Amino acid sequence: MTTNKLSLQQVSKAYGYVDALHPTDLNVAESEFVTLLGPSGSGKTTLLKIIAGMERPSGGRVFINGRDTTETPVRERDLGMVFQNYALMPHLSVFDNVAFPLKVRKTGAEEIRRKVGEALGTVQLAHLADRKPQALSGGQQQRVSIARAIVYNPSLVLMDEPLGALDKKLREQLQHEIKQLHERLGITILYVTHDQQEAMSMSDRIALMNEGRIEQLGAPRELYFSPKTAFAADFLGNSNFIEATVSEVSAAATRCRLSGGEELLAPRRDGVRQGDAVRLMVRPEHIRLIGGDGAAEDNVLTASSLGPTFFGDALEIRAQIADGSEVSVKVANNFEVAAAAPGQPLRLGWSSDHTHLFASGSGR
Amino acid sequence: MSKTNTTLLPTPSRRRFLEGLGTGILAAPFVLSARRTLAADALVLVTWGGAYADVIRKAITTPFTEETGIGVTLVSGPDLSKAKAQVTTGNLEWDLYDGSGGSMHNAAKEGLFEELDTSVIDTSNLVGEATAHAMPFLIYAGGMAYDPERTPNPPRTFKQLFDGDAYPGRIGLRTRVSETLEIALLGDGVDPKDLYPLDVDRAFAALERIKPRVAKWIAQTPQTISLLTSNEIDYSYTYNGRVASAKADGLNIEFSTDQTILMTQYYSVLKGSPKRAQAMEYISYAARPDVQKRLSEAYYSVPVRPGALDMVTPEVKALLPDPKDPRTVLLKEAFWADNFITLDRRFKEFLLT
Amino acid sequence: MTTPMLRRDGRTRTMLNRLGFGSFVLPLTLFMLLVFCLPLIGVVRTSICDGDCSLVAYVDFATGKLFHRALINTLSIGFVTGLVSVICGYFVAYHLSRMTARRRRFFLVLVMLPFWTSILVKSFAFTVILGTDGIINNALQAVTGTDIVIPMIFNRAGVIIGMAHWLIPFAVFPILSSLLSQDKALRDAAEIMGARPWDIFWKVTFPLSLPGVIAGGLMSSVIGMGSFVTPALLGGRRDMMMANLVDFYVREALDWRMASAIAVILVLIALLILSLAAWLRQRQESGAAA
Amino acid sequence: MRFLTKNLSLPVIVTWLIYVFLLVPSLVVIPISFGTSNELVFPPQDWGLDLYRRALDPAEGWLAAAGRSMVLGILATTIALLMGVPAAYGLSRSRFPGQKALTFMLMSPIFAPTIVVALALYLYFATLGMTGTMAALAMSHAVVITPFILVTTLSGLKHLDRNIENAAMVMGATRLQIFFHVVLPALKGSVLTGGLFAFLLSFDEVIVSWFIARSDQPTLPVKMYSSIQWEISPVLSAISTFLVAITVVGSVVAAFISSAETDGI
């Protein structure tokens, strides 16, 4: 039996009458990369602090490496942590910063030298070992911080928005490096971010958090392609929401009627009955613009273009449908722009398999 | 005399420049000559504050004003350096200075005081000794004080005080070189009449012997009483007037009048005072036998006029040392005027080693 | 100050703009030059020229046993007082730094309470507490059942106690300031990495607060070196300091040349200590950057 | 690091002992102030309010001296604030050659022994014929206390986000406007703290005042000092107790009124 590196059982946190975190379960397996993703105020930081021991949970248990650490002091939890603002000791050199966790563990000098050397080598900073952190760039400082978090092989490395303070280019580069590091060293990482792209590109699994609970937990693809709630659909990737009423529920599909009179097909969903108000979601990149009268898709809507926006690698066209709501469509950048000039009529089509159906009022 | 005219920035042009800066730029709206706001016609007497000022006011200045119509303003904190500053800058704040001891005579040498007008002031026929610039007006006695409950058998003379076998106990002495060297010689067995000129080496040798028994060398007069009452010392060298007021307040404390050192408090007139004549009149008044009697009864001082002692009430007289007692020593100011600076330095070195 | 004038007068304004931030520093600079530096220069001058000009006071200082003793006393009392103040101040500052701002405001008032009680009265209070027949010694005797008396006053210890009592607040402020400016994340990071409270203190908190410690130590020792009332009231015969001599030469001997010379030497010592500290710090920093 | 505040460990005990050390002398003075003797006696044999009556009696001059010290403290603190706060701002927001030396010069009164400052100012103002004036006294105190304002303001400025000032500059504010409308409001806490500390120092200052103050218009500490040449009047204990009580009550009230949980000293 493999033990989870981290296991949360019904962990909750209340401040006075405010529930910052509803009872939550979460397991992180060895060598797994799990991301807590959510907007600010969603409870991800509270959860992280409870795991780290900087906050006491109001209820539930925290297990690290199979050991109940709910009452364990922070320092004995065997965790590593990377902070958004690096939290490097300004009075210590890079080498001494990385050596810090080893020194407090009374590791021998020779071993410290070897391990710190290795860790700095891993993040390609061996040549800067004698510098003070202030003399380093932001990216370099964060690499030192990562080296410091892995040098003593903690059971679990927590990363709290580690790339938040870096520019986009550097952020992408470090995302890549952290991912590689994770794969090469097999460390277990619990990563916190509010950036859905970062979460999707790096994680084995994502725990999407909203209003103090985990809204959905799964692999990035799963969350993207099968969001369980409108919030999940909205938070990960771009999405179009269309209000509708269920007109017919069959064994295979749900037929919905828009207020403009059009009908759309969606996969069948348990608990949804005829007459329910629902929200249909379709991602912009799943919508095709259909020329002429071709009807190659099972869902088709006519719309009027509001104009295109150029994104370099793609083109986004916003359009207004009969009920007045807006829908955006993502097309390749070789699209003939004139066809989408404001006021031009458009026909939008997509597969019913790409249509997601949520009860109205769920999520935001 | 040339020394007194020097200032820290002696060249006149420089000084005018600074004056211009100081008064013009820095503080034009605030500057008031220190003198200007004091009562226009009153003599300004600088003297100590607290209970002492009350005594002076009651015994001397108030009756003086009643009798002559000359007002006297008492200000506190006599300080020779301030007197020097006032005299050298010509910015006089005070007219009369109440001072004592060697430093006062030193200041007279520096030219800070007017010569006494002997046509107004009778400088002869005194218990103490007037100098050209300083007139005695108050004589007080320094001697041993003790707690009669704690010390039933105290040393009553300085010779006894120095006899550690017969009178063991912690001693409090002053950090003043004058008085202390006299005590040392008396303690070492010198006859009071042979005291002056002081045998300085013998005095320091005697002090060296008694050093281990001195629990505190006291710089501030109040500690001569408070250290005795808080049981830090057993025998305190202090002053009869001080003990008398402490006793009046119910403290268990006695003063030995068997052997005392009489010290003189002087009045001098600051050099260049515009009220020189009135100041001389005031000094003359302060030394008058009837005024001395009042002062004596208020302060337990020995009158400076020989006859006045007999006018004092018997209760007070009992607490006063007898200046005619052969054991009593009158501190010789002339000696200290010449030797104060050098001996004080030697004394400080003695204290430090 | 000068602000209303500036708004109206365009020329002054452009001139000030050219001066830039210098215009903010200018008034104080002028003030300090006129009311601090110039007077200090006056002291230096008086130490050489008081009527006639000669170095006799300095020669006297260099050769006089009295001055050597006072110098040694000043240095050692200043050093020990600074040390004691910083150690006590650190405990207090640390405690203050770990509480809410509102609570801290209240505690700071407590720390500054000694300022409101005159040293003259306090010296008596210290006698009541620390004296031979004082509260502590009486308690000790009652507890141990002996006649034990610890001399805590009218000796070097008394001077240090009295001065530290006055100087601890001076040490508290810079230390507190450097403790408050520390990033809490650093301590969290250290704790997660497995550091015990003791390690966190000595390896993170304390080193980061060193600038405050140094500033507080320097301030309290230099201020301590310049005081003379406390040694006179609470010290023993050997605790005469240079400041006592300055006081004596100014006010009793009226020898302002000697007083000024001692004062100049006192300032030079303070300067020497400050530059030594600055040099040490610079060396430490540059050594780290290399 | 909760060990110092929560658990009863050695450092906690030491910390509280230091608080006791700081406070006890002031507390010993309180009972003395309710005695009736003219001598300092602890504990007093009889109890009464005589000393307070005397402390508050206008004829004794204590009230006047306290008022003078108050005015002087406010005056000196105002001068110090007016010059010190802008200077700190200027120093923290610019780089120029000799800046370290200038900062050192402006700070140096902290490090110059008080007796030296007193002697220097005394000789200086004596030369100018200004000893005894309130102007000389206020300027002397300002010299002594301004460095403390500099220190606290500089430390407050260090924590101030410079981007706010840059934003104001972009919006077209002049340096002066930025200083008054952006920096000063943000610095309120440290300026107030510095000002309070400076005021206390001025209020408590003896040595410089002794030399400079006019002898018929002493400040409170000078009056205390000159009144002890012959005896330490227990009236001093009543005055001390009075000041302590005012401070404690005032600060408690202030702590309750001020709701802003601004961090800082």
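Structure notes:
Just so it is clear, A, B, C and D label the chains in written order, and each chain counts residues from 1 on its own.
Just so it is clear, a residue touches a chain if its C-beta (ideal position, glycine included) is under 8 Å from a C-beta of that chain, and two chains touch if they have at least 3 such contacts.
Remember, it's a predicted structure, so these values are computed and weren't measured experimentally.
In the absence of chain C, chains linked through touching fall into A | B, D. Shared contacts of chain A and chain B, meaning chains that touch the two of them, come down to C. By the count of C-beta pairs in contact, the leading chain pair is C-D. Compared with chain A, the chain whose C-alpha mean position is the greatest distance off is B.
The distance from the centre of chain B to the centre of chain C, with each centre set as the mean of the Cα atoms, comes to 35 Å. The centroid of the Cα atoms in chain C and the matching centroid in chain D are 15 Å apart. Averaged Cα coordinates give chain A a centre that lies 55 Å from the centre of chain C. The set of chain D residues touching two or more other chains comprises 40, 42, 122-124, 127, 139, 228, 232. Residue positions of chain C with contacts to 2 or more other chains are 35, 38, 42-43, 46, 124, 128, 250, 256, 260.
Shown for chain B are the residues that touch two or more other chains, namely 8-9, 18, 22, 26, 79, 81, 220, 226, 230. Pairs of chains meeting the touch criterion: A-C, B-C, B-D, C-D. Only residues 37-42, 45, 122-136, 138-139, 210-211, 214-216, 218, 222-223, 226-233 of chain D touch chain B when the two sit together in their complex. Of all the residues in chain C, the ones that touch chain D in their complex are 1, 3, 6-7, 13, 17, 20-25, 27-29, 31-32, 35-40, 42-43, 46, 88, 91-92, 94-95, 98-102, 104-106, 108-122, 124-126, 128-129, 165, 168, 173-174, 176-177, 180-181, 187, 197, 200-201, 205, 215, 218-219, 222-223, 225-229, 243, 246-247, 250, 256, 259-260, 263, 266-267, 270-271, 274.
Here chain A touches chain C in the complex through residues 52-54, 74-81, 83, 85, 87, 89-91, 93, 100-101, 103-105, 130-132, 135, 148-149, 152, 158, going by the rule given at the top. Those residues of chain C that touch chain B in the shared complex are 34-35, 38, 42-43, 45-46, 49-51, 64-66, 69-70, 73, 123-124, 127-128, 131-134, 153-154, 232-233, 236-238, 240, 245, 248, 250-256, 260. For chain D in complex with chain C, the touching residues are 1-5, 11, 14-15, 18-19, 21-26, 28-29, 32, 40, 42, 82-84, 86-87, 89-91, 93-94, 96, 102, 104-106, 108-117, 119-124, 127, 139-140, 142-143, 146, 151-152, 155, 158-159, 174-176, 179-180, 193, 197, 200-201, 203-204, 206-207, 221, 224-225, 228, 232, 236-237, 239-240, 243-244, 247-248, 251-252, 254-255, 258, 261-265.
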